[in-house]
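First the structure, which I've put down as structure tokens, then a few questions once you've had a look.
So that you can tell them apart, the chains are marked A, B, C and D in the order they are listed, and the count of residues begins at 1 in each.
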Amino acid sequence: MDFFRRYKRDKVGIVFGALLVLLYAVALTAHWITPADPMAVNLREVFSPPSSAHWLGTDQFGRDVLSRVILATQVTVRVTSAACLFAVLTGVPIGMFVGYRGGWVEAIAMRLTDMLLIFPIIMLAIVIVVVAGPTETGVVVALGLAQAPTFIRIARGVTLAAKEELYVEAAIAAGSGWPHILVRHIWPNISTPIIVQATLTLPVFVLNASALSYLGLGVQPPTPEWGQMLNEAKDHLITSPYLIVGPAAALVVFVLSANLVGDVVQETLNPKLKKRK
Amino acid sequence: MGAAEPLIEVKDLKVHFHTEDGVARAVDGVDFAIAPERTLGVVGESGCGKSVTARAVMGLIDAPGRIVQGEILLRRQSQVVDISKLDPRGREIRGIRGNEIAMIFQEPMTSLNPVFKIGDQIVEAILLHDRIGRREARERAVDLLAAVGIPLPRQRFEQFPHQLSGGMRQRAMIAMAMSCNPRLLIADEPTTALDVTIQAQVMDLMNALRRDFNTAIMFITHDLGVIAGMADDVVVMYLGRIVESAPVREIFHHPKHPYTRGLMGSIPSLADWGARRLTAIEGVVPSPFAERQGCGFAPRCPHAMEICRTRDPGLEDVAPGHAAACFLHRAAP
Amino acid sequence: MIRLIVGRLLFMVPAALLIITFLFALFHLIPGDPAVMLAGDNAPRSVVDGIREAYGFDQPLHIQYGRYMAKVLQGDLGISNYTRDPVVNSVIPRIINTAQLAFLSMLFAMVVSLLLGCVSAMYWNRPLDKIVTIVSLLGICTPVFVTGLLAIYFFSIYLDWLPISGMSSWRHFILPVITLGAFQAAVLTRMVRSCMVDALGKDYITTARAKGAPELLVVFKHALRNALLPIVTLFGLGLGHTLGGSVVTETIFNWPGLGRLMVNSILTRDLPITQGSIFFFAMIFILVNLIVDLVYAWVDPRIRYD
Amino acid sequence: MSTEELLLDVRALRKYFPVRKGLLQRTVAQVKAVDGVDLAVRTGETLGLVGESGCGKTTTGRAILRLTEPTSGEILYRGRDSTGDPDQAMTDVVTATPEQMKLLRRDMQIIFQDPYSSLNPRMTVAEIVAEPLQIQGLMTRSEREARAVELLGAVGLSPDHARRYPHEFSGGQRQRIGIARALALRPKLVVADEPVSALDVSIQAQVINLLQDLQEQFGLTYLFIAHDLSVVKHISNRVAVMYLGKIVELAGTRELFGNPKHPYTEALMSAVPVADPDFKVERILLEGDVPSPVNPPSGCHFHPRCRYAKDICKVEVPAYRAVGQDHFASCHRADELSLYGLKSS
């Protein structure tokens, strides 16, 4: 609760936090609030420019772009939340185990992690998509696995640092075994940095998910996705440039809000950082 | 204090830090003067404002800190400069820093730039102020390294800070500080991070340099033992103010302020054989954000009187050359 | 230093073997008959059988692995399902195209981010810093394909100044390089700034100021030289990300590079080409990483002199 | 000295830290942090262990509590054996089974130097102080809480501090909390690892006085580790001086300071600044720095810095031997040298 009190001090945090909440609300209620059926093909009304009937116009199949942008919000939220969860659930246990175990297991695991970290996320994701297949599930697995090394690193770092804390030593001096230390001292320390990292990585997930879809390796038509909509819009850039407005704006606003909220969350949970900013 | 014409004179200096949590009055009305060739020891616990005072004299107060009041007068042959009024990034203060006033710091591990050679860092200090050739500056740097007792100075010149031990690095810092023959050397806890045998070496070196270079020193420390071995005059700081000031013998043999007495009672001494109990000062140092009411030490003072909680005692003479900020030593007001 | 170089070079060997192992694993990770995947969906039965024979897909796993490893080590990554050319022949020229795009973009990003990052740190928390911070934030929130589409629409369609796609003249380079470089510049500016702010808070900066060093010397000699250590690493990662971003950029501008080749091969299920591009991309990343490590060691006297 | 009064008898204790490199974590060197320490702690005394940074004093303390596994040696503790009986036999801490160890830990506790990292910021003060009891499975929850409040009183904090979090306290108060935690199991031996060196001067005195009071109240035995010679002299009955992983001298406090037998002790004493401008000592300045414990000098580790060193010191390791009544030193020339001590008044 202290968190919200301190978060509220930041004006930027409030504005973009509200925006992000709004986007999530749109995602959750997408099926009820779309002005038209986002999938309904209407070949008599293709490429109609923005109008009072279709605020963002219609696409090559006469589908309402605004409705598709709204539904795409839901798709993005679904995909990125799942991928984020996937990355945390694979990365954190591995990182904690490796950090706690130490020795050659740690040395080898971290070498491998470091090796994976030199590849950009999008590359790892593309390679995983080759195996997992260009579907929504494929994107979730690809982005989740590609991002997992980051969480391995952090979980291991925090575990190592916690192991060195003197209060852990005090617990050992009192006769404590590892279960008590993991539950009582290490886990509470690990949750904050993981939450921070997850918020900071959220925009990365969004960017990469849409990039995969833009390349045709992600969410497949007819399900709308911002990147995929932009890919389709590109073919009609000369005749119907307005097609890019909706998905591009939604994407940028989402990523911007997520980024700023991530920064503010980090500062709030970690006040020392504020001084440097 | 001492000679008639002080080298530097600080008058009613106030440095405040404006932070999110309020205004920290780090230095809150400090007066002192340092005469040429004298060593002033500034002693106090962490947070008493001693380091901030030193930085103010160097013109090194950075945001969110600000000098809100007072003067820092540096006396030259013909004129007097007020350092507190100079632009902290301007040309004039840069001509003073490192040239007329030099400074060494607590952490020899982090105060030298890790990516440049020791020698080059000293040469840089020389060339910033003296119009001499690079080769001449190099020679002077090597001489300085030798003068501060660094063996094989020519080889050390070519080395990086990480290749030197803590004591050697502090010597190199001192060499750099002395490179332009400053009239005042500010030493901010220069021996605190060092082991006791290395501390003894560095103190010995500083005492020798003081004789050879005729430099005045402002020596900041929390260690009364170090002060006793280094200083001619001593000021004791508490909560951003000077509570007592006197020549070194006077203050150690006849401390007047209860805080000074408390400090001296707090430390066990090697010279002491009786199994006496330490006379600890009760309580904790108050927050610098708190509004001051009366004497800052009153809440912890065993002798506090009614007047101490309401009125500020101010620093007044209690004996010739000996001032204390305490109502105990006043005639009834 | 020489031991470090040799050590790092030796590290490439297991890394390469690991990658080849992964490429081999692809045959069995992807659902379907690996021989059919190599031959292409419409290949005649005899071709499929020939491939099955050559790769030993009817043999136990370790023999398949051995044969595949031997083939790759001889420089044989198979032949494309469509063009029937050896993979290596179609991949190598594409690498050069991608390298041109990536290095020019990275150069652009490095220059811009160093300049803006330093200036921003120097005027920390003042209006200029805030402007730079906001612009770079917008930059990192705008994906390459959005910037790219906007740039094409504005410069190529609306103003008709620059070509939309291809790489036949220097004018073709401008939009892709700036599109890709701008995103990296935004990311790196933020990081350079924070490295510089960090460095400017160190004790040795106070020492430099206490010497009487002018602010420009403090920032551009004392702080930048130290900030360079993390910045070298960041630029290395940045180069990696630029290569990653080139996949998208190449698709936008129809750039005949390795990235587009890889994506197309995945979309057309041309497995040998996919394997080939993954292999070369991986080797490029490892090489870049190696160079970064060496530059880092060269910049940091604590490594150089130990 | 009769063996009955010994609480702890450390024999030939060694702790080497391997320096590992590479993927295979090959050991390329050994840091000989503790290199053959013999130390006997008597019931009810305060034994000071003093030395400069890197001499191995902290590692010695941690190894005694098996917070770091000793490389070799014996740590004999008089206390309960595995069945929990207060047996008169000595138990070897080094070879104790986990069950024995858990019981032994009730008797041996530690106070840390850093009052910030030693308290978990997410636990209340009461939880912190009661944690050892919880770990040992002693008492009920409410009994533990009552004990915590009682302990807070004993260290000079008030009961309403119990529900607060560590960040609300100053360094000195936090150190008191750490002391209360160390006393929760009613230990016999407390290893105090630089307990006052992170504190301000005026707070140091409070904590030193508190430690002395608690010793009397609870009948504690202290192994007091510090780098500050004045503090060690003030609080200890006997003092051991460490240099590069070895104890170079051990004697009663008066004897050690008045009549040192090892040149390092002499130099260390003369280096300590005394808060009296008229207190003049002959300054014996040691040359150079402490050598690396990875590669200590041959013979007597101290010989390169010793102004009395002779040829034998370079080749032969001096024996750690009795040089007087209850006075031990490891110096070839201990009997012939007349070293400068502090005059007792």
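One rule holds in what follows: contacts are C-beta pairs under 8 Å (C-beta built on N, C-alpha and C of every residue); 3 or more make two chains touch, one makes a residue touch a chain.
Note that the structure is predicted; figures quoted are calculated from it, not measured.
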Selected interface, A-D versus A-C, where C-beta contact pairs are more numerous: A-C
Interchain centroid distance [CA atoms averaged], chain A/chain C, Å: 22
Gap in Å, rounded to a whole number, between the CA centres of chain B and chain A: 52
Interchain centroid distance [CA atoms averaged], chain B/chain D, Å: 33
Touch-based graph of the chains, sorted into line, ring, star, complete or other: ring
Inter-chain touch pairs (all): A-C, A-D, B-C, B-D
Residues of chain B that touch chain D when the two form their complex: 45-46, 165-168, 195-201, 203-204, 222-229, 248-249, 252, 262-273, 277-282, 284-285
Partner chain C, residues of chain B touching it in the complex: 58, 60, 63, 89, 91, 93-99, 102-103, 105, 107, 110-116, 124-125, 128-129, 159-160, 162-163, 173, 176
Chain C - residues contacting chain A, complex: 15, 18, 26, 29-30, 137-138, 140-146, 149-150, 152-153, 157, 194, 197-198, 201, 237, 240-241, 243-245, 247-248, 251-252, 262-263, 266-267, 274, 278, 281-282, 285-286, 288-289
Contacting residues of chain D [partner chain B, same complex]: 52-53, 170, 172-173, 200-206, 208-209, 212, 227-231, 233-235, 254, 257, 267-279, 283, 285-286, 289-290, 342, 344-345
Complex interface listing, chain D residues touching chain A: 23-25, 65, 67, 101-103, 105-106, 108-110, 112, 114, 117-120, 122-123, 128, 131-132, 135-136, 178, 181-182, 184-185
